[in-house]
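Lettered A, B, C and D in written order, each chain numbered from 1.
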Amino acid sequence: MRLRNVVYFWREAWKSLRRNKVLTIASVSTVSICILILGMAVLMTANAGNVMKKLESDVEMVAFLDRALTRSQISQIEEQISRLDGVKSVKFVSRDTALARLEKSYGNKEYDLKSTLGKNPLPHSFEVKAKNPHDVPRIASKVGKIEGVYKVNYGQGVVERLFAVTKWVRAISLAFIVLLSLGAIFLIATTIRLAIYARRKEIYLMKLVGATDWFIRWPFFIEGILLGTLGALFSILLLAGAYSSLVSNMGSVYFIPLVTGGPILNQLYIALLAAGAVLGVVGTYISLNRFLDV
Amino acid sequence: MLVQFYNVSKIYSNGVKALDDVSLKIERGEFLFLMGPSGAGKSTLIKLFFREEAPTRGQIFIASRSIVRMKRSEVPRLRRNIGIVFQDFKLLENKTASENIAFAMEVVGANPKEISQRVAEVIEMVGLKGKENSFPGELSGGEQQRVGIARALANRPLLLIADEPTGNLDIDTSREIMELLFDINRKGTTVIMATHARELVKAARKRVILLDKGRVIADNPNGESIV
Amino acid sequence: MLVQFYNVSKIYSNGVKALDDVSLKIERGEFLFLMGPSGAGKSTLIKLFFREEAPTRGQIFIASRSIVRMKRSEVPRLRRNIGIVFQDFKLLENKTASENIAFAMEVVGANPKEISQRVAEVIEMVGLKGKENSFPGELSGGEQQRVGIARALANRPLLLIADEPTGNLDIDTSREIMELLFDINRKGTTVIMATHARELVKAARKRVILLDKGRVIADNPNGESIV
Amino acid sequence: MRLRNVVYFWREAWKSLRRNKVLTIASVSTVSICILILGMAVLMTANAGNVMKKLESDVEMVAFLDRALTRSQISQIEEQISRLDGVKSVKFVSRDTALARLEKSYGNKEYDLKSTLGKNPLPHSFEVKAKNPHDVPRIASKVGKIEGVYKVNYGQGVVERLFAVTKWVRAISLAFIVLLSLGAIFLIATTIRLAIYARRKEIYLMKLVGATDWFIRWPFFIEGILLGTLGALFSILLLAGAYSSLVSNMGSVYFIPLVTGGPILNQLYIALLAAGAVLGVVGTYISLNRFLDV
């Protein structure tokens, strides 16, 4: 492509955007809205994912130890557990600590368990976390087989259900994002198709005076890029503003694990911008061909 | 021989037979009038030259190349060598008069300086000075028609085809346009013009082909017997 | 007195002075030609009659009603009493020839039977029998023009305004159309026709108004001095 | 409006839908996609709401009783609690039951708390549910003041956080639905505007031959209704199919409280259908006026 043409194509694209105001405004705002909704959905999904990760990471198991163990036996068991595949952390909880905890939920000043009982009936235990919460059931069964451990608790039943829920939530939000993306592609392509339809006579004439397909396509593509980028830019500004104000209003107060990583958000915004530009061009490409056959 | 039609027929998809077994030869440098009543097939014949329509039957050669068997990718080149004045003008509504003309030159890849010079030239030739920056919606019928003529002239085509180019022009302006066409014809361009304006044809004393109901019913070298 | 123009000027938004202090009186039942070179202001003058454009200065009365001060809601009634043949035809592309004509009658609330009868009638009158169901894109230039004429006739308007109605017609068809116009004029319709066709004007011996650069430069009761 | 006109308007609308295929397809599919996405979002929100209700309804308080209470004192306390405003249910948990529960999480065969301890150190308690889970903190403080109750537990801290989260989730999904609705209105209006823009010369001519604004509007409105309804219908069929298959695949397996009430779903579908028709007309109305001023 010669430089002269490049200049010509950009000038044409720009002129046409300015002169076909109705079409330009329609296309830009369609892109804008689609990207805005898509971006919002992605942010929601990311945050939901965060919350679910948090929920899952709270899953841990407690291994109760036999009563008659020596210090060295206990630390041997600790080592055995730590060596298991996928174990993230092992924390010793002494019977005294366990009793103190129990007391905290039942006790009051005048009436405390320890003095009532005289002696502590609770066992020592280990709190074990897995690198991947989904491994907890598997690891629990291994821990249970270690000599000196008489029982492992991890909320059997409830945990499996939690995982089922998070799995479905993830699947459905993914499906929704995919649907939204397809919808955005389709809506943008439709708008562009209508905009091009309104200019079909122009294309027809271009062909009649001897323009090649590519000579006609380029300015349209550039228009597509421009309006896609412009539309995406609007929506990203809006989205970034709204989200950062949400984070600063809410994040600090309620301990909800919001996605706040600057780089991650920036990547998202850049991806949305690129999506706008790409959708602009792809929409144009799809729509243009049928009018070129003259 | 620039143009050869062999037994060309055109039947539109709705069954209308617009051309019926037309055979035709046009020499390089000729000036040719196409006449005939409304609906005779003049515009249809013209559309075959640059493949806006394809013939249903028959063969067409332009500069010895069959344009019936021509590949899709070769069509732009054919069209660039033909200047066309459309019966319905076909101006782009959101381009000014000079942009409409420049556009046809940009398509063939002329350079910007050349374009602006030539555009000013043809605007002057058709008498539209002062209307360069008007959009078609801001021009009178005759002015639009002249923009269409100027656009066809801009690329100095080998073959100029004008479909009723004076339908919206007064007699004085029409005569000026005719002078223009004769002039470029003298300089070597082959000109084919469909028209209803008998006065003009009579004065020109050029070859006239008379169509009726899609058939060539007369082909007269200097138009005497027809008008 | 059907139409009165008092010192009417029209300056378009781009500064072009299309009409310059035009005063004019047209009697009921008159037949009037508007002539003048391309860009003289004929179409602009015509557009003032049915308020497609509003005058910049001056007053216009039709049937003693000022159409300058007319309310927006009254405009449709005005237009229904005027039949217009547009210079650029203005046919609806996705309606057939007869639907295009029927449409103008549906607007005024005619009943379906009346419509189909009248449509057939005017189609016949302009010589388009057999083309009823063709879309404008399937008609020749002259055929489209005749659909435009038929549409203007359909409602039997009090005032018929035709802007260059024979620009795409051969001389025989043109004469037939003129006969049609004379005929409805004899039956009482006032007819105003802008045209470049001197032959037709010469033959008609009717009143001719000559415009140039937006001014009335001659107004001749039977067109002698002009053509 | 005369009958003749009604017939005329419907015929015109129908003809125009068939003849302007590009425009019709574009408009119908835009409505379709918008309604589909909107419907999916509403279903998701409704289900998320269900889940959150479930989570919230699990919130309850436990009131621990002093040791030295008689039977009648205990039932007096129970009555006092039940009479409190907003209390849904009160359930007595004896110290034996409490110990059994504790044992279940710590105990094993060879080693049971009861025999180790000799006597049960735990107090009697009441499990109290509120009609509205959000009232739990308020009720808890009242229960705490009742004579004979020495302590009330309801997961202080955690519960407030849960409520904060559900509040935000609700607010954000509502905002998302509102945004989606606005987006849908806007997108549909834009598409219709483009479709009408492509026909602006038709409208212009109608005005020139003397058509009134309403004579022009009616067929367009009818077109709007038809294409809105048609578009909505497509999406509802898709949505209903997808959702019912989801429910039958998943609902029974994972105990997630899916919204399955036939009437509720039907109401939703009808609302979406109406939304399609209304959007079709409103979009037409907004877009049409600017072309009528001739």
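Just so we're on the same page, contacts are C-beta pairs under 8 Å (C-beta built on N, C-alpha and C of every residue); 3 or more make two chains touch, one makes a residue touch a chain.
Everything quoted here is computed from the prediction, not taken from an experiment.
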Other chains in touch with both subunit A and subunit C: B, D
Farthest-lying chain, centroid of Cα atoms versus that of subunit A: C
Centre distance in Å when subunit B and subunit D are each reduced to the mean of their C-alpha atoms: 67
Chain centre separation in whole Å, for subunit D relative to subunit A (CA means): 22
Whole-Å gap between the CA centroids of subunit A and subunit B: 62
Rounded Å distance, subunit B centre to subunit C centre (Cα mean): 29
Junction residues of subunit B - those touching two or more other chains: none
Contact graph of the chains (line, ring, star, complete, other): ring
Interchain contacts, given as pairs of chains that touch: A-B, A-D, B-C, C-D
Complex contact set, residues of subunit D against subunit C: 2, 4-5, 8, 16, 19-20, 201-202, 205-212, 215, 294
In the complex, subunit C residues that touch subunit D: 50, 52, 76-80, 84, 86, 90, 92, 94, 103-104, 106-109, 111-112, 151
Residue ranges of subunit C in contact with subunit B within the complex: 12, 14, 16, 35-39, 42-44, 87-88, 134, 138, 140-143, 146, 163-164, 167-174, 196, 198-199
Of subunit D, residues touching subunit A in the complex: 22-23, 26, 29-30, 33-34, 36-37, 40-41, 44, 51, 64, 66-67, 102, 105-108, 110-111, 113, 116-117, 121-123, 150-151, 153, 161, 164-165, 168, 172, 176, 179-180, 183, 186-187, 190-191, 193-195, 197-198, 250, 253-256
